[in-house]
Every structure is written in structure tokens, then in C-alpha cells.
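Two complexes come next, and they have one chain in common, chain A, joined by chain B in the first and chain C in the second.
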Partner chain A sequence: MSYLPWAIAAWLFGVGVYGVITSRHYVHLIGCLTVIQSATYVALLSIGYRFGSVAPIFYSRPTSTPAVDPVLQALVLTDIVVGATVTALLLALTLQVHKKRGTVNPERLRPFRQ
Partner chain B sequence: MTRRTRLILAGICSVLIAPAVVVVILHIPAFGHHPLPYGDAINRGTVARRHVTNMVTAVNFDYRAFDTLGEELMLVAAVTGTLVLLRGRRGENVSDRPARAPDRPVCERSEAVTLACRIFLPLIVAFGIYVVLHAQLTPGGGFQGGAIIASGTLLLYLGESYRLWRRLVRSLLFDMLEAAGAIVLVLCGLGPMVRGHAFLENVLPLGQSGALLCGGLILVENAGVALAVTAGFILLLLEFLEETRAAREDEKS
Partner chain C sequence: MIAPAASVLVPLPVALPLLAGAALLLVGKFLPGRIPDAIAVLTAILVVAIDARLAAQSLQGPLVYWMGGWQPTGGVTLGIAFVVDEAEAILGAFMALLFAASFVFAWGYFEDIRAFFHVLMLIFLAAMQGFCFTHDLFNLFVWFEVMSVTAFALTAYRLEADPLEGALNFTVTNTIGSFLILGGVALAYSLTSVLDFGALARSLAQHAQDPVAVAAFCMLAIGLLIKGAAMPFHFWLADAHAVAPSPVSVIFSGAMVPLALFGLGKIYWDVFAPVPAVQLLMRTLVLALGMTTAVIGGLACLRQRHLKRLLAFSTVSHGGILLIGLSLPGAVSLGGVLAYFVGHGLVKGSLFMIAGILLARAGGIDELWLRGRGRPLWPAGIAMAVAAVLLGGAPIGLMDSGSRLIGTAAAARGEDWVLIAMVLGAACTGGAVLRGAGRIFLGLGAVAGEEARGPSDEESEKADRPLWLMMLPVTVLLIVALGAGVAHVDEAVLGAAQRFLSWDGPSSIAPVSVPPAVAAPGTTHSFVPWATIALALLIAAHDLGRAWLPGSWRRVSDRVLSGPVFGAIDRAHDGVIGDYVVWMLIGLALFSVSSAAALHAG
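And then the complex of A and B:
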């Protein structure tokens, strides 16, 4: 049971990497990158978790209450929002590739030749 | 790259990192029982030191504010890159007239959809503002609240029309808000240095713990991040929606 979070993180990472390797469509590839990113969220939040703890918000309880690690939660929080904008950037790049080359299959793309 | 090259590359890479993976798996801490020295240090002393009750906000905008500055500039850079790529085709002199979609039928919105959107739009925007303003007390902050507000404005498009959404969402205004958000955060860093303090040091009065105005510089940084995230997400939505439409003839570059 105590290895379940690590196993989920590893599984998400593995599935994502497999998708990136075998991808035949850039939009699918970006989706796989997002899956890999979620693996890091699961791993980070699992590191910060502790049994019998509450969320690190002390608005209505004393500071002596055991709470989970806020540092890792802050890392995941900023990561999610920045990840969303980076995904948007990648999708915009995909649109450009489609316009310039007519395909979004990485297997069919060749480097430009002079 | 062909399928074969990719598989060979992946095989080589996995063989190379395999030893590191084995070492990590052998040293994984037991879930839920390992020590959290940094988190505990922050949880114990922050309410007294910074007068805020949300530890995640304290970490984001105070202890690791430098890190947040980097993240925020990354966000601005990603949004700028997307805008340059997508707006490039629409032309340099971007007007606020919406692009047309000539081959797409304009369906009449049903009254139920319009009513639901009119009810929920103000509620969602108000909730987003609440999430932003209460960052220092309860779960929330500029990142989450900004994303809520920006996505909420799409209800205008759903319930009214694309034309109205474009008329209210001026790209020049949101360009400036986006930049203003980044500038606020940078000034939060440089401001304390003028007085001889460290970069991003929390020098403002901390206020009373538990009140809406507490945490000093945390409030200002949070507002800056909220501005940048709201404007950035709205600009992304605008450019991607605009991308699905044909540009007007006189606006092509």
C-alpha cells in the first residue's frame, strides 16, 4: 500500500514516455507530455504527504497541528499554471508546423534542406 | 525521425538511465512517514513571522518568491511566444474587429443557455476575485484565481456571441495588463533594494494575522501574479479562438 503513489507516478511517467516515443501526431505527443508532467505532480505531492496531517492552512486551527509539506504544494501549484501556458505554446508551434509542412506526423517530417 | 530511429534512441537512453532508476527505487522513502524538515519549519513559525495563515502562499510569495518570479516570467514568455506565433499570421496591426467564419452557420443561442451564462458569469468572476483576494488566509492565490477569472469570461462567448466577447476583450488592454503583472513582481523585488534590503525582502507592514490585509509584500506580489495570469490566459483563449476563423481581407499582413 505504501508504494502505491510511487507506482502510480512511475506508471504515468512510463505511459507518457511510451506515448512520446511512438506518437504519430504532434497533438497526441503534447498530450503525452502533459501525462508525464502529471507524474511529477503525483510524485511531489506524495513526498510532501504525511499520515494524519491536515492541509497547511492555519486559518481556523492552531499552528501546532501536524500539516503536510507546503513547499511541495507550492511547487506543484506554479507548475500546473505554467505548464498550461507552455502547452499552449507547443500547440501554437504545432499549428505553424501544420501550415508550413502540411503534416503533423513527426515520422514524416524531415529537416529543411537548402 | 522514423519509427526505428526513435525506438533505438529510446532504448539507448533507457539503458543509460537504468542504474540511476535502480538507485532511486532502492532509496525511496516510505510513503507518509518520512521527515519533512523544511515544511515543518515553515508550518511552525510562519503565522508568527509573516502573519499569513496559508502556508502555500507564504512559500510562493515570500520564502520562495524568487522562484515565483522565475515562474511568472516563464509564463509571460510562453504567452508572448504563443501570441507571436499565432498573431503573426493575422498581421501586425491587430484591430479589435473579430475575424469572420464565413462558412460556419450562426446558430441562435437558446434562451436557457443565455440565461445560465448570464447567471454564472458574474458568480464565477466574483469567485475568482475572492480566490485571489483571500490567498493569504485560505486556499487560493493569484495563479488559481487568475485561471478561474479568465476561463469564466468564455461564458460570454457561449451565452452571448463571439462578437460581444471580442468587443469586451481588447487585446491591447490585456497585452498591457500582462506586462503590468510582470512589472509589479519585478518592482516588488527591486523596491526593497532601494531601501537597502535584500531582493524581494518583505519590508511592508505585516498587518494583523487573520485579517484580509496581512502579509505585507505578499499581497502586492499576489496581485501582480493574478494580473499576469488572468491577462495571459485571456490572450491565449483569444488567439486560439481567432485562429479558427478566417482573417478579414484588409487585415492580412
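And then the complex of A and C:
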């Protein structure tokens, strides 16, 4: 297996975390979280990938055909659902905090210190 | 040899609250008054009963349940199993009991917003039961995530500025944690191509020297330590626990944080124990983190005036003590962890309820503002003093059994110095809560110390419940915490721990044998509980009696406590999410360097 997908996953994680740390706007910060999550997609899909194989659907071909690992694809699907839930929740929280505080700058949103 | 038994009851603690939650979401709008409260309480009590039955059944052997009947065939393990041992069933029953108490405490409190509170809490309960029982690494991640999302929503339940900010900090840090867990799952699967704990452990035994196995453990451990609020990943906790509604904080501090730490113990014993470098990491790095967390959490706890924030830091400190117990190998220490888990949850749950009583009845949460205003609520004052004494390490009750067993396990390894961190953590938190009780209910401590600089907030909760209704769950929890109705705690937890260690990991793929019984070890250092509680009383007396202290002493102690060393604790907890993530990166670096060293040493 190639090391390239792992390098890409590590890079995505790194830039995502850098974005979260330096962000000045919560919507931007949530975008950076999604970048971190993309690192997990790349890692998971590359683990399950087999060169020269087909998608794990055996409707029109014999079940002995080499296919990529369906377990990992199920994991990525679940991961996407989880990510969508968290992103939706975070965006809703951001909207509410903007209504109350009038800012979405993470540096200014410090509980108990207003 | 014992072939694992199947029980139809195993999935019910997860399925029942999920079904009840879905039903409430569907028809909650049409249900009058207190029906959703009653349904929620009954569901939680039913889960307690099922878990208690499972605990009794699992004495004969581990209970294994394959979802959808996908049993391993021909050496291939594709299905997802729930495995229940006595230890897990006891923890499950305890957590459901805490939910039942919390529902009774919140009786009628959330009625004006339909049944959303009950729906979220029931899903939260189901997720915690699933997290406790699951035997599959990815399934563990799924329950972790369900637990997280419901917790995020519950934190921001009041939709006011501070809760929203606390919830945002909580969500961002814990979401990075769950991505790390997923990365760890990916690494473990890339090495072994299985996800079942038993199959993973068998496969990892063949890859014991592989750095990928160590990297997978580190990522899983960091994710769980973020949720378990260990240094330097604990920063979100004080922000979130202080702003959540008090019935929710009961669950956060009493069950969610310790459960994440127990999850770390579970993946270590069930999956990664065959890897020598991981054993070394647990014995060194995790022990060091636990000791630091216990001390720093205790010191930060003393510097708070916002009562829920004070209790939150005490949870950080006691989480550190649990982590110390998890890092020590063997059944004695694990038995201590089980007793401490339950004992701490009961005490901390009742303390957050007392904070809720003050919010509802006295109209505030600030310790200095509340001085003397608690007098009409004297039953809560007595309960708070009892809880503080238990928290401060008094030699009675479940928490004492736990810390005694952990201390004995450390002393048996010749690591007596571990006790220093445990004593300091327990004494500081017990002292801080005692100080609060004395100030609020007796009107002592007119001259405030360093705590006056702590962040605070004006806050109150709806005052529509009679005092006796709110005191009922507090009293029940404290009576259980004092050890009433639980005979021979030490023998019980030691047996459960011994069976967990020899059964839980392999039972999904192989028959197991009856472990030899462990005798309860003799107590070493029997003066330790007395020294701890004496130190806690001294701290409380010092802080409340400032007015009578000589002026020179006060000036010196003030200068030391606000100086660069102790002041740094306040400055680090600054509420800025970017800083918290930098601390997480420092922790990540710590794990990387330590695992490189551990691999080199192994």
C-alpha cells in the first residue's frame, strides 16, 4: 500500500487544526473542522482500496470477483452522517450565539468573562 | 471452560430508552403535564432492573449477544457483539440510576418546551449503555458520537450566551477527539482487518512490535482522554459543566466523564494489552497524566467561586484519580476503579443537585453572593457537608473503598508516592466544597481569598418544585454512596474486576475459564484517609477563617496564591477555543514522544 494517502491525511489534519487554532470566525472554524474530518475519509478509503478491484456490489457478477473492502465503505458512510450532524448542530449554535452576543469571533466568545 | 451464554436481555438497555425517546418525540406534544416525566423515570428504572438482572446472570459466565445473529463463522468475525460482564452491568445499572434520580430532580422543570429534554436524555442514556456494552471498535466510536451529540445539545439547552459559548468549546474540542478516535480505528483496522475486540487482541498479539499498533492506541486514548477530561485535554469541561442545566451536569460529571476513562481501560485490557509498548505507556505516561490531573484539578477547584465550575474542577481532579487506578495493572486496582466510579458519581451527582437547589431556591450560584443565604434550605446544607466529607476522602463509603484499593495496588508495586497526588486531589476538592457549605449555609467566611478572582455569573433556575422533591434524589444517592445496602464492597468489586480481566476481551471468539478468586488485600497506610480528611478540614477552616488570621500570614499567602505559579492555572483556563486546541496539540506531542521512547525501550 502506498504511503501517499497517509501523507495526505496527515496534511489535511495538520492544516485543519491550524485553521481551528487561528480562526477568527466560527463559520470558518467549522469549515476547518470539516477539513480535519476529510483526513479520516482519506485514511479510511485508502485502507479499504484494492488496486484492480471493483465496487463491492455483486448483483451482476460472481461473488468471487475481487472487490474493495465494503466494511471501510460502511465506516465512511457512518462518518459522513456523524459529520453532518455535528456540523448542523455547530452552525445552529453559532447562529444563536450571534443573536445573543453580536459576534462570532472565537477570541471574543469566552464563557463567564463578559 | 465456560461457553459464553446468550441473553435476550443484553440489547434491551440500549433499545428501550431509544424506543421511549422516539415515542416521546412523536407524541410528546400531545401528552399532558407530567406524563413525559413519568415515562422517562420509568424507562430509567426499567434499565436499572435489566442491568441488575444481567449482573446476576453474568456471574456464571460472560453474556455475548451478536446483533442480527452475525456470529463468527470459519474464523471470520464480521458481526457486532455486545459483551456484558458483571463490571459492565454494574456500571450500566449505576448510570441508569443516576438518570432516574436526575429525571426525578428535574420533575416538571422542562415542561414548557415539550418533551425535547426527555428525548435527548433518553438517547444519552441509550448511548452510554451501548458504549459500556459494545465489543466492537467502530461501534464504540458510534456510541461515543451519539453520546457526544446529545451532550452538546443538552449543554446549550438554555440558549443563552454563556451556555452557547460553553457548548461551542465543548463541541469543537470533543469533535476533534472523535476524529482522532476514528483515525485510531482506521489504523487498527489497517493492521488487523477486524473490529471485534477479541479478534483484534488475537491479531495484535502477532503485531506486538508494530509501531502502527502503538499509534492506533495513542489516537484512541487521546480521543477518550479529551472526553475524560485529563490534563492537558480537560479545558472544555469547566466551561461546559458550569453552564449546562444542573440535572444535565449531574450526568456529565457523574457518568459521562468517568465512562470515557473506563472506555480507555476497556480498550487497553480487551485489545491493546498484548502490545509491550502500550503497557509501558499506560504504566508511565497515563499514570503521570492522572497524577498531574488530580493535583491541578484540585488546585483549580479551590480558586473558584461559581459553584458549578468549582464542582466541575473537582470532577477533573477525581477523573485524575480514576486514571491513576486505570494505569496500575491487576484486579485490585481495577476493583478500586469500579468502586470509585460508582461512589464518585453518586456524590458528585448529589452535589450538582444541591447546586441546582441553590439556583432554584436561593436564586444564585456565586459562592460569595450566596453567603448565609442558604440558611432556610438547611437540609441541603447537611447533604452538602456529608457529600464534601465523602469527596474529601473520609474513611467511609464507596469512594473510600475505591481509593483504598487503588492506593493498596500502588503500594504493592512499591509506588507509594502515587498516594500523594490522590491525597492532594481529594483534600483540595473536599476542602473547597466544605468551604462552600460553610459559607453558604452557615454564613462563615466574610473575608474571601483567592476565589474572589474566579469567573462568575448571575444565573438562576425556575423555582417551581418543592424542596422535598429536590432533596429526595439527593438523599437516596448519598445513602447509597455511604455504602448502605452494599455489603462487602471490596470482595464484590474485586470479583467483578477479576472476571472482567479474564473474560471480557476474548469471550466473543473463545470459551473462557473461571478465574481464581482474589482475596481482599490488607490495607497498607491506613492513616491515609484520616490524613486526607484532616487536610480537607484544614483547607476549609483556613479559607473560612481568614478574618481571624494574622495580617502578615494573609499577605504572604495571598501573594503566593496570586503569584506566577498558581496564577498560571487561571490564565490557562481562559475560555478561548484556539488556546484549548493548542494544549491538545501539546498533549498529542507528549504521546508521540512517549510512544517513540516506549517503542525504543521495548
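In the analysis below, the second predicted complex is superposed on the first by the 111 of 114 C-alpha atoms of A that agree within 3 Å, B and C clash if a C-alpha of one lies under 4 Å from a C-alpha of the other, contacts with A are read in each partner's own complex, and residues count from 1 in each chain.
Everything that follows uses one rule, which is that a residue touches a chain if its C-beta (ideal position, glycine included) is under 8 Å from a C-beta of that chain, and two chains touch if they have at least 3 such contacts.
Computed from a predicted model, the values in this text were never measured in an experiment.
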Task: Check whether A:T22 is in contact with chain B, with chain C, with both or with neither, and answer first, second, both or neither.
output: both
Message: A:P111 in the overlay: touching chain B, chain C, both, or neither? Say first, second, both or neither.
response: second
Query: If you stack the two complexes on chain A, which partner ends up touching A:R50: first (chain B), second (chain C), both, or neither?
result: first
Message: With both complexes overlaid on chain A, does A:V97 touch chain B (first), chain C (second), both or neither?
response: second
Task: For A:I36, select first, second, both or neither according to whether it touches chain B, chain C, the two together, or no partner.
output: second
- request: Look at A:L89 in the shared chain and tell me whether it touches chain B only, chain C only, both, or neither; answer first, second, both or neither.
  value: both
Query: Taking the two structures together, which residues of chain A meet both chain B and chain C?
result: 17, 21-22, 47, 69, 71-72, 78-79, 82, 85-86, 89, 93, 96, 106-107
- prompt: Which of the residues in chain A end up touching chain C in this complex?
  reply: 1, 9, 13, 17, 20-23, 26, 29, 33, 36-37, 39-40, 43-44, 47, 69, 71-72, 75, 78-79, 82, 85-86, 89-90, 93-94, 96-97, 100-101, 106-107, 109-114
Query: In the complex of these two chains, what residues of chain B are touching chain A?
result: 1-3, 6-7, 10, 28-34, 36, 38-40, 42-44, 46-48, 53-56, 58-60, 64, 67-68, 71, 74-75, 78-79, 81-82, 85-86, 89, 137-139, 141, 143-144, 146-147, 210, 229, 232-233, 236, 239-240, 243
Residue ranges of chain C in contact with chain A within the complex: 78, 138, 142, 145, 148-149, 152-153, 156, 159-162, 164-169, 171-172, 175-176, 178-179, 182-183, 185-187, 189-190, 193, 195, 239, 242-243, 306, 309, 455-457, 574-578, 581-582, 585
Residue ranges of chain A in contact with chain B within the complex: 2-6, 17, 21-22, 46-51, 55-59, 63-64, 67-74, 77-82, 84-86, 88-89, 91-93, 95-96, 99, 106-107
